[in-house]
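Presented sequentially are two complexes of chain A, the first with chain B as partner and the second with chain C.
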Partner chain A sequence: MLSVKNLAVSFQTRRGTVEAVRGISFDLAKGEILGIVGESGSGKSVTSYALMRILDAGGRIKAGEATYSGIDLRRVAERDMGDIRGREISMIFQNPRAALNPIRKVGHQIEDVLRRHARATRHDARAKAIKALEDVRINDAEARYDAYPFELSGGMCQRVVCAIALACDPRLLIADEPTTGLDITTQQAVMELVRDLIRARNMSSILITHDLGLAAQYCDRIMVMKDGLIVEQGDPARIFSDPQHSYTRKLVDATPRMGEGIRSLLPPEERKAELPHQVHDRPLLEVSNLTKTFKGMAGPVHAVRGISFSIRQGQSVGLVGESGCGKSTTSEILVRLMDATSGDIIFDGQDIAGIPAQGFARNPRRAEIQMVFQDATDSLNPRHTARQAIGEPLRRLGALRAAPLAARIEELATLVGLPLPLLDRFPHQLSGGQKARVGIARAVALEPKFLILDEPTAALDVSIQAVVLNLLVDLRAKLGMTYLFVSHDLHVVALLCDHVIVMRAGEIVEQGPVTRVMTDPQNAYTKALLAAAPKPPARRQLA
Partner chain B sequence: MSAAAYSRLRAVAFRVAQSIPVVLGVVVISFLLTRALPGDPAAYFAGAAADAASIQEVREALGLDKPLLQQFLLYVTDLAHGDLGQSISSGRPVAVDLVSRLPASLELTLTALVLSCGLAIPLGILAATRPGSWVDHLCRVLVTAGVSLPTFFTGILLIYIFYYLLGVAPSPLGRLDFIYLAPDHVTGFYLIDAALTGDWETWRGAAKQLILPSTTLALFTLAPIARMTRAAMLTALSSDFIRTARAAGLSRGTVLYAYAFRNALLPVVTTLGMVFSFALGANVLVEKVFAWPGIGSYAVEALVVSDYAAVQGFVLAMALLFVALNLVIDLLYSVIDPRFGFAAK
Partner chain C sequence: MTDIPVKLTRTSGTLDHLIYVLRANPVTLLAFAMFAMIVLSAVFGPALVPYDPLQTDAKNALQAPSWAHWFGTDNVGRDVFSRVIVATRLDLAISVAAVALSFVLGSVLGATAGYWGGWLDIVLNRLLDTIMAFPLFVLAMGIVAALGNTIENIIYATAIINVPFYARLVRAEVNIRRNAGFVQAAKLTGNSDIRVLAMHIFPNALPPMMVQVSLNLGWAILNAAGLSFIGLGVRPPTPEWGIMVAEGANFIVSGEWWLAVFPGLWLMIAVFTFNLLGDGLRDIVDPRKRT
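And then the complex of A and B:
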């Protein structure tokens, strides 16, 4: 149905030509779901944009052929291409909220497509758009027709994007990271919806994702891309049980799964013995009846509704929940960037809930509680070098200057595995993993007792995530730190933590030792979270 | 009514209510500012030969000897009756002067803005759809030239070319050549008033007089509008939802206008408001060059002779105009952007 031969795509940039895709070939059969898996920069999305001929300015197909049902996609006139897009081949995208026109009613956006491809007239467009919304299982489709994207949840927006893509019954659906940024239960719902619709309409599909586990669960065949080339392709079970290429092996290893240690994420030759960390009986942090209420336009919003837990010294505790459950609010209160509405926070024998967040930067306790932020890029000052970023807390709170400061910065860089020559680079000159290391070095610079990690690997590729998680395990043992690891991913939490707290709608629904919660969850919500995570097929056995 | 619609309505009502304290503040400030001006109107009106006693007499006649608070109360009471005082230079009530002169300035400014938008917005869109092309460069050159030439220079240049050399433009002396009679005062806008009475000959005469000054002002306001349209369109065109629209096969026109341009409108409308405000101020020079009987030249003349009532009336009228303008722009937002009223969170 779709046949691609030696496709090459290049981008004209200010710094010369970038070869994004360097000659790839594959075929897609009718009714098949093909997964294209790769990390950022592998050329997987560019491939799909090239097929649709919607490359950004400066991008062009340099060589090769792409044939869809006998049509040469590279040479067909732009007019005809407009007819193919949306009617024959359509696409769904990541970040569904941004993928919808923010100031147009979702119903009208669906009508635009229907009218464009002459699937509806002025008179029946509304009815057909509502039908399209019903097809993607949106409740109360009639009312949702008049909604704007900002009034809908992320999962709902992705359903609308699906409705737009499927409105004209295309025969090929390209899904570009359709669930990135969505909660795990929403991810499951969206993926099952897409799979059911594809099967019901006997469509073909290309699923582009960085998540090998997700691709394995929903695809008939997987293609692994790296640096614009296909390094391996085959049956999902085979890819996992017997990966041929070293890069595929690395990806398979880095995919978190239940019941395995954190070192197993790394390639076998890099797996050193895990350093033990000591958990003391003495509690370092005790939180009781913590609440936070925000003033909203439509009345008060209860973000945190009276939660209590304690963290022992040296313990690593995972705080898990989906977006809006209050986990970020909780971590911001604990790190004293936000004031609680009520409740106590006893840290190392002292109640710090009463100290206003406003002046906490001048409190001697500031150095003892530090945080690693979610987005390594956004949390670094773009005009400060790595050296300045790491040195900032040392200068302000550690009162280090000149030679001792420089020595300490280099010591920290070595500790987090950041090559010393990179210290004088600016954030935009560093890779995602390197920026994460800078963020960690800055947070541990003052040897805090308590470190809050707010989804530190959420924006990283899986292979980088594997390395960063292992770095955190090493640092914990070396510096004797206590961790609160905030994440939406139970599997990642299980790898790193001793104890896990599951939050939902501002309340703790379950907490306990990590092995118990993972193997024998008591709460229905915890069970749903565990069930929603993709289950990668069995891995090759190490000899 | 849906929650969203209700929330929007509340935001709009709140926005309208917000302008009330602004208006009150404007009344106080315009009063104080004019009192703070140097120069003594009593001395000016008593004449060069007056002695201290006759100046004092004039001062008492004008009510300038009373305490400031009392003067203010008198002013507010008069204001409540629509009385802006008597202009001591023109000898007519300030309200009458403003009513005859404000429409002249507004007609000039609005025509200039319409001309300017008509050229700048398509130019900005074209430049954004083809960045780096000749259209883009042309846009940049035109815009830089427009903003770097002062209005009095462009005005004189246009008069020299079209009136003196080519002789196609009428003499730059006011709103209407003396062979025409001014249309009956309805709105004060000659073009509208003439059209209302069906007097197309006068309409043409007024339009002819209007072309050169409004072109002068339009050239000056071209730059910010074109630049902002280009920048906003570039941002909108690189958004994710444009990619969705293209992937759905929507036609180029739909993508460009229904999707990109409507989203780009918000910053353009904001700029338009700012441009309108500074164009109203900048047209003093244009009015002088073209002998346009507008509010700008009126205010300058009043200022020179410390004509309190006229200056005060002018400041008040301008401030009210700006308050109204900002209100209109904010209300336009609520029409363009359904998120209006939610963004505050």
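And then the complex of A and C:
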């Protein structure tokens, strides 16, 4: 149905021409779901934009052919392309909130596409739009027709985007990272919905994702892209059991799965023995009845509703939950950036809940509690070089200057595996993995007793996630730190932690040793979380 | 590792970056060249001009431009070219001083309001709204008329009418960054609130501020010249563009156009230069432009 031959796309930028896609060929059969998997910069999204002819300014299809049911997508006139988009080929974008017009009712946005392709008249558009909403399993579609995007949750918005994409019965659906940024249970619901709709309508689909496990679960065939080239393609089970290309092997290894150690994320030649970390009996942190209530427009919002737990010295505890469960609020309170409404935090024998967050910067305890932030890009000052960022805690809290400061910065860079010449670069000149390393180096600069890791790998590619997680394991053993690892991903938590706390709606629903929670969850919510995670097919056995 | 390969060349320094920005954009280069000319004539002009700008010469009054008097002479025989060049120093000094004052004042007010918010923010905003509700030139006239007719008071008046622009800009830039990750991180590394604000947040507001500064320098020159034009502030016979235009305007009808046109032209060139300068200045202070 779709046939792509030697497609090449290039972008004109200030620093010359960038070859985003360098000659790829593939065919898509009717009814087939094709997964395109690759990390950032692999050209997977650009490929789909090129097919839809919606490349950004400066981008153009340099060579190759793309034929859809006999139509040459590269040469067809722009006016005809407008007819093809939406009716023949449609697309679901990564961020559903950004894909919807924030000031129009979602029902009207569905009508727009129906009217554009003359699938509805003024009289029956409303009924058809409601039907489209019902098709994507939105409850009470009548009422949702009048909702604005901001009134809906992320998962709901993505359903609306699906409804718009599918409203005119296209025969090819391109889904570009449709569930990135959604909660894991929502991801499962959206993916199953998309798959069922595609199967029911006998459509073809291209699923673009960075998650090999997700692609394996929902696709008939997987194509792995790297640097604008297809490095491998084949059946999902075969990709996992017998990857041919070294890059595919690396991706397969880096995909977290149950029951395997953290070192197994790395390529076999880089797996060193895991250094043991010592867990003492003495509690380092004891939290009791912690609550946080925000003043909201519509009455108080209870973000944290009286949680209690304790962390022993040297222990790594995972704090797991979906967005809005209060895990980030809890970590901000523990790191003393926010004051709790009530409750005690006994840190190393001292109650720190009573010390206002406002003046905690000058508290002697400041150096002992540190944090690695979720978004490495956002957490580095764009005007400071890596050297300045790592040096900041050493200057301010460690009172280091001149030569000892420079020596310590270089020591830290070496510790986190950041090449020394990169120290004089600004954040925008570093890659995602390098920025994560700078953030970690800054957090461990003063050898804190307690380190909070707030989804440190959420914004990273899986292969870099593998390296960063292993780095954290090494640092824990070398520096004897206690970790609180905040994450939405139980599998990642299981790799790193000894103990896990599951939060939902501001309360702890389950906590216990990680092996017990993973294998024998007691709470229904924990079970749902575990069941929602994509299950990658069996991996090749190491000889 | 998929990290990008490490280049062993040192990252470009400030000078390299400056040269890069100037080469990348010819308009910026032109603006900087004109700016350099204006600064040079402000610094060295009074020492280099061919005539004393205050020396009258009744025999040579109202001479058209010639090789001896490039811009002609005025009604009392003073050399217009010398007066135009000498006036650069005064006009530039007034505008730079006024802009510097409003930059500092506006930054402090805006940063405070944007970072702490609350009632402070509300009070400051209403205060700034009040200033902006006046026709700004009329407000400046009022201030100079009330405080007295001196150069300092022109500077204060120009500064006050420009403060709201800076304060609003800084407030917005600080406000969007006060909960950014790097701000939280700066608090964790032991920075007090004031340090976080001054050393981490405020520098990030500089790129848009630079555009504002350069546009504002143009406005400030116009404002100072305008006040002098209507007889406030600088008094004759001091060479100043606004006064020269005002005095020369009387002679345009009788055909002596050069008295008003040349100072007016210089005023225009100065404002034009500052307007062009903005984008270049922003590129220079923005580290993200360094590749």
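The working rule: the second predicted complex is superposed on the first by the 543 of 543 C-alpha atoms of A that agree within 3 Å, B and C clash if a C-alpha of one lies under 4 Å from a C-alpha of the other, contacts with A are read in each partner's own complex, and residues count from 1 in each chain.
What we mean here is this: a residue touches a chain if its C-beta (ideal position, glycine included) is under 8 Å from a C-beta of that chain, and two chains touch if they have at least 3 such contacts.
Here the structure is a predicted model, which is why all the values come from computation and not from measurement.
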First (chain B), second (chain C), both or neither: which does A:Ala8 touch? neither
Is A:Ile501 in contact with chain B, with chain C, with both, or with neither (first, second, both, neither)? neither
Output check: A:Leu451 vs chain B and chain C. Expected answer is one of first, second, both, neither. What do you get? neither
Pick one for A:Ile103: touches chain B only (first), chain C only (second), both, or neither. first
Using the touch definition from the top, say if A:Leu173 reaches chain B (first), chain C (second), both or neither. neither
Check the residue A:Val304 against both partner chains and state whether it touches chain B (first), chain C (second), both, or neither. neither
Dominant contact partner of chain A by residue count, chain C or chain B: C
After the superposition on A, what does A:Leu319 contact: first (chain B), second (chain C), both or neither? neither
For A:Ser379, select first, second, both or neither according to whether it touches chain B, chain C, the two together, or no partner. second
Residue overlap on chain A between the chain B contact set and the chain C contact set? none
For chain A, which residues count as touching chain B in their complex? 52, 54, 56-57, 82-87, 90-91, 93, 95, 98-104, 112-113, 116-117, 146, 148, 150-151, 161, 164-165, 296-298
Once bound in the complex, which stretches of chain C touch chain A? 1-4, 6-8, 10-11, 24, 180-182, 184-193, 200, 203-204, 287-288, 290-291
Quick one: which bits of chain A touch chain C in the complex? Just the residue numbers, please. 14-15, 39, 335, 337, 358-362, 366-367, 370-371, 373-375, 378-383, 392-393, 396-397, 419, 421-422, 424-426, 428-429, 431, 433-434, 439, 442-443, 461, 463-464, 467
Interfacial residue positions of chain B with respect to chain A in the complex: 2-4, 7, 131, 238-241, 243-252, 254, 258-259, 262-263, 336-339, 341-342, 344-345
